[in-house]
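For reference, chains read A, B, C, D and E in written order, and residue numbers begin at 1 within each chain.
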Amino acid sequence: MTLAIILFALALGCYLIAVLEDWAVHGRLDPLRPAVSALALLGREQVLPRKSDRLFFEVGPVLLLVAGLLAVAVIPLAPGLIVTDLATGALFLNAALAYVLVALIMAGWGPNGAYAMIGGWRFLGQFVAYAMLIVMTITAVAMRAESLSTTEIVTSQAALWNVFYQPIGFVLFVIAAMGLAWLPPIDLPTGGGDLAGGVEAEYTGARLAVLRLARLVIVLALASATATFYLGGWLGPWLPAWAWTAAKTLAVAAAMLFLGRHLPRLREARYLAVSWKLGIPLALANIILVGVIALVVPI
Amino acid sequence: MNEITQYAVLFSLTLGTVGFVLAIYALARAIGRLRAEPAKDVPATAGALARDPVWVRYHAKYYGYALLFLAFDMEMAFMYPWAVVYREEGLVALLDMGVFLAVLFLGLLYGWSQGALRRQ
Amino acid sequence: MIPELMIALSIGAALFGIGLYGALSQTNLVMIIMGVELVLSAALLNMVAFWRYLHPDVTAAKMYVLIVMAVMAVEMTVGFGIAVARFRSRGSVEMEEARELKG
Amino acid sequence: MNGLTGAREGARAGVAGGLRRMVARAMARDLCAFFVPGMDVARARGLDLDAAGLHRADTPRRANVLLVAGPLPPSLLDAACVAWAQMPRPRAILALGAGEIAPLPGPDVAEDLSQSGLAAGLAALRRAVAAGAFAPEVTDFDAPALAVRVEYTCPMHPEVVSDKPGSCPKCGMDLVEREASAGDHGGHAGADETGGGGRRGHEGHGSDNAPAPSRAYTCPMHPEVVSDKPGSCPKCGMDLVEREASTWDHGRHAGAVETGNGDHRAHEGPGGHDTHDTPAPSGVYTCPMHPEVVSEEPGSCPECGMTLVPKDQAGDHAGQVHAKQQGHGGDSGHGGHGSAPEVPGIEPHFMSMVDMTRDLPASPDGLRMEWIEVPFGPFFPGLPGGLGLTFTLDGDSVAAARAESLVPGVLAPGLPAAELADRLAAQGPLAPAALRELACRALEAAAGAAPPPEWGAARAAALERARIASHLNWLAGLARQVGLVTLERRVAALHQRLRQADAADCARVAPALGALGARVRGTPLLRDRLAGIGQIDGRAAAEAGGPVARAAGHAVDARADDPAYAALGFRVIAGKDTGTGGDAWARLVQRLAEIDQSLDLIARAGAIAEAAHSADLLAELPSDGHAMARVETPRGPSTLHLTLQGGTIAEARLTTPFARLAAQIGPMTAQMELAEALTAVASLDLDPWGARP
Amino acid sequence: MSVAQALFLIFFGAAAVWFGIVVFRTHSMVRSAIALLFSQTAVGAMFLVMQAEFLGVLQIMMMATEMSVMAIFMVMFMMDPGGMGKMDMTHQKRLSLWAGGIGLVAALAVIWGAGWTGPVPPVPGAAEQAAALGRELLGRSMFIFEAAALMILTAMVAATMVAIAPREEDD
């Protein structure tokens, strides 16, 4: 029952994010568009590039979808409304999302096409940039909650949301999350102007539909993770718990989607340099800062 | 719900996802199939027909970062258990991890100073 | 006789054998590192199995697992570092050529 | 409608049929177009894509509509065939004022080239897709550009290529079979003709009269090993792999501007997938000891001081030098060294990696990787349509670059002088007003007649309006390339408003343009993205001319000598006024400043001349004579040399800034990261139209 | 429960071994790296089955990232990374097979000969395990933990020293 409710919420959330993304890209709000596009994609031919690594080509989108879904599985919608409340939920989220990298490498290498391959290896560079930031900011969140369980992370924010408690961590996490979901302006593996589709370039038809769906799930996972880790998850007055989670998740997703439309695509070298030379020292400072605060102020 | 059950749920979620994708593929196949035509299966490169394979030794210019990352990444294996008990252990934990992070950060600084943090 | 322990250990042994074969048979430094990784993961598996089925109360066993993981990472870091250096100076990371074309 | 596939009528036909109808309706609503020849040309030809509600695709894989905006030259039609072939079905062609598009299938919907034509065409296309997306009667698409042709080559002398089997004239070995694209050979033949397109060469090599294509197999490590059967390499024992030659690499040498670190032909795929080895163009000099030293003019080697020798001569020396200069160890079979010498202790058939990598060019960090040649064009999003850009990539950095125009810029002799202006304007869709002005001035000069003085300011205003429109069009393309979707939309809308505006309209648009400039300058991270990219300084910048030169601080502008402009109080804006260096950001700022300046000039002129025909300007057109005219087009000075005979054009030589700018690409992008290199190329604002001699 | 556990152990164990074999059987270098990755993932899944949740998740995550990074080094330094030529890159195959086989047989003999017996003690919950590991880290094993930091530092310094070519201008 729980599973059914959550899967329904997940589907709805993905659809809403698809509407938002379409809005952000094309500047027009059309609630039917994603459904139409998905249906149209199903009817299109699925081209299989020649001399390709068929196995990688097929597994890439599926693995991406699996990774996204497993990440969502540890995010609570409301108390009790969670697929699996793992004791190491935050770490599991990380582990599941690490396979986004694997999937994109497979999708990039598989078709034996130049744009796709460059896109795949670029994402590896992008990963090297964002990975440490995600890990270290989540550590600081776990320090406060004294647990890696996502539900306990939410309850730990009853007094004060983490976005106020550790704002540096919040900013770093959002930037890293946008890199993970390859959202503009950090959409290096698929950048339209650089690679004409990149890792997605050779996917058509139903395979592309799965790839797009997987991407939506990942955006949803990251938006809800941001809401859970930093915005107090289901906590909030008046509305029911699930509504708060949903509202926060959608708000974060909308912010992530619209932000990129007003910024030029980052250069990979710059993203790497900023992440390592500024981001990691800041993340370390964040940990130390949270450590000191946690010892001094018992909230 | 005990832990093993939880893992089983996650495992079946994985299998269910694969099944879902296969169902979508089956649906797409019912609607239409691929028609093999000349040059359709050549990777698309903006109007030019590039028939050469591209699987060659690829020069990843970020390998300096990647090398540091491989080692630096290990840090969080220690950090997560530490974070869980941080508040109960108090100052000892802070100092302990402070030393640990300082040592690692030293490595990062060394790499930085030697030019590992740049496009090679 | 604890069947699960036996299963886990046997799989560890199989991974060890495969890793050993790989480390010895491959000519390329990077592939050799992969073999070593397999051997180390066999060690990890054994440690966890012993912890689980013999002494679940001893947390130090897990500490060893963490250390072995760190060793894997360190081994890869240094190994790839050497690979980069060798490739830069000789244009090859083949061990055959390391033997024959010294200097 | 070019349907998906013959519907399989069977047990599932009922269910699938219902589904198909639903899907077809969805497809009709979800049209996504791939633009040929490019978004910039479509915009310049007056198509407002956002108003039409059309989604655009970055790659043919994503599109279901091929939108042909305006007539295409044959070379681009070939490229369009490739894009069309790569689009998954169901797919449709919408041709807007395209005329005959022969190798492509007939358009599903054809309309005239206008916004209303686009709207009507889309509506018709929606009906057609909804009705016929899964039509059962379908034929395979094939075109000469897609054909694979068998050719024969000598394993030892890859430059020997023949249509027939036989023996090598150099060494007497039997020639072996190999697959190549049909376009290749045509290009070779065409390269010697003036203005020879790849297409002309197709005749005689079409798939119909070529022998049945058969596969060729080659060793990935020893490209000289070529066999017509699968098997293993006699040198190293590896399995042979199937190979096909690349298509365009040699087809377009005519008119190509080749730059970069060394000879681009060196960097074919691994193992030398293509081994046409035409002799280096004459006039290239190299050092016998340092083959990496290549110079356009004779002189001495900067490394050792030896006198440079013509390159073909150096290339003939030996395989060692040859392979090194060619920069591809995979090609070691060119001559130099075969397999590794037998070393005791190494098992037989062991392939030496040292041997493979020894002759590869090293990157700045000392690693010798394999380089691949990747085409970025002619229809690459964010680059001008018709620009054939090929990067030789070392990982994701650019090792060498080659840019060429795929668009012929030929005025056929015998054209009546009265039609010159129209014809020239039609040839350059990105700057028709400037070319028209150029033609008018050339004719006026030939007639020795001064234009009516009252026209001067209005014509200058027309040119300035074209400049603003061109800069806006460029900015829209740049915004697309760096991912600023909202900015692209905004700029494109302004571009449409301004394209045909009169002086009063221009004044009304001016505040919006000013706001746009402020918005662009104030976009966070945009400066970070562009600053330091594509630096061009000093003499190179001065030679490039146009905004590129002015951004770098050179006050070069053909308008400065123009009395009409002097009357308007024109003053050259150069980099020192905008306070930036010669990088992409400086060019952006420069163009924004020029937009403001042009608005000011239009305001002072007070009126904008209608598109003038030379016949309107001159009482009578000259019948004989020779003349030259020079106009500062939005991209820099263009000149037209005109020889008239008996009222027709005997010779017209148009020099556009393209060649000068394209020559900068190689040095400018050397060792840059791919995305940065593409931004740098985009920042030059190349106009390939009308550039090919 | 125990039977299910054993079955899952066998399933994931077989996957780990099979992927391990693929590592050295495939000609494509990227496939090889990804196969190693999935082999390690399967080992991580075995940890989960053995209720070592923290270690299992950690293994699954660490190996995904490290092996992916390994893939790029494979592609940089291996001839023919796409495996299109199907070249043989092994030597002393017989010796290696013998060594691997003997290692396997010896290990199996020890395992099956030793005959571990006894009741399987209960396992603490996953949350306690993580906390216990944290306490271990800050208590008895503190020096091991700090030594690990030094080991990692050494690796970083060593890798930088050998791999990074010095260049004049530095940012």
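Throughout what follows, a residue touches a chain if its C-beta (ideal position, glycine included) is under 8 Å from a C-beta of that chain, and two chains touch if they have at least 3 such contacts.
Everything quoted here is computed from the prediction, not taken from an experiment.
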item: Labels of chains that are neighbours to subunit D and to subunit E; value: A, B, C
item: Comparison of A-E and A-B (more C-beta pairs in contact); value: A-B
item: Centre-most chain, if every chain is reduced to its averaged C-alpha atoms; value: B
item: Rounded Å distance, subunit B centre to subunit D centre (Cα mean); value: 36
item: Centre distance in Å when subunit B and subunit E are each reduced to the mean of their C-alpha atoms; value: 16
item: Whole-Å separation of chain centres (CA-atom averages), subunit C against subunit E; value: 6
item: Averaged-CA centre spacing for the pair subunit D and subunit C, given as whole angstrom; value: 50
item: Touching two or more other chains - residue numbers and ranges from subunit A; value: 42-47, 51, 86-88, 91, 109, 112, 114-115, 121, 124, 128, 131, 147-148, 196, 201-202, 205, 268-269, 273
item: In subunit B, residues with contacts to at least two other chains; value: 3, 7, 27, 31-35, 40, 42, 44-46, 50, 53-61, 63, 66-74, 77-78, 80, 83-86, 93, 108, 118-120
item: Multi-partner residues of subunit D (at least 2 other chains); value: 4-5, 20, 23, 59, 61, 86, 88-89, 134, 270, 347, 350, 353, 356, 364-367, 369, 372, 374, 380-381, 395-396, 673
item: Full enumeration of touching chain pairs; value: A-B, A-D, A-E, B-C, B-D, B-E, C-D, C-E, D-E
item: Touch list for subunit E against partner subunit D, complex; value: 76, 79-80, 84-88, 91, 165, 167
item: In the complex with subunit D, residue positions of subunit A that touch it; value: 24-28, 33, 35-37, 39-40, 42-47, 51, 114-115, 118, 121-122, 184-185, 187-188, 191-197, 201-205, 208, 260-270
item: Residue ranges of subunit E touching subunit A (in the complex, touch as defined); value: 28, 30-31, 34, 37, 53-54, 57-58, 60-61, 64-65, 68-69, 71-72, 75, 82, 84, 125-127, 129-130, 171
item: Subunit E-touching residues of subunit C, taken from the complex the two chains share; value: 1-22, 24-31, 33-35, 37-38, 41, 44-45, 48-49, 51-57, 59-60, 62-63, 65-67, 69-74, 76-78, 80-85, 87-88, 93, 96
item: Subunit E contact footprint on subunit D (complex, rising order); value: 219-221, 233, 236-241, 270, 347, 349-351, 353, 356, 364-367, 369
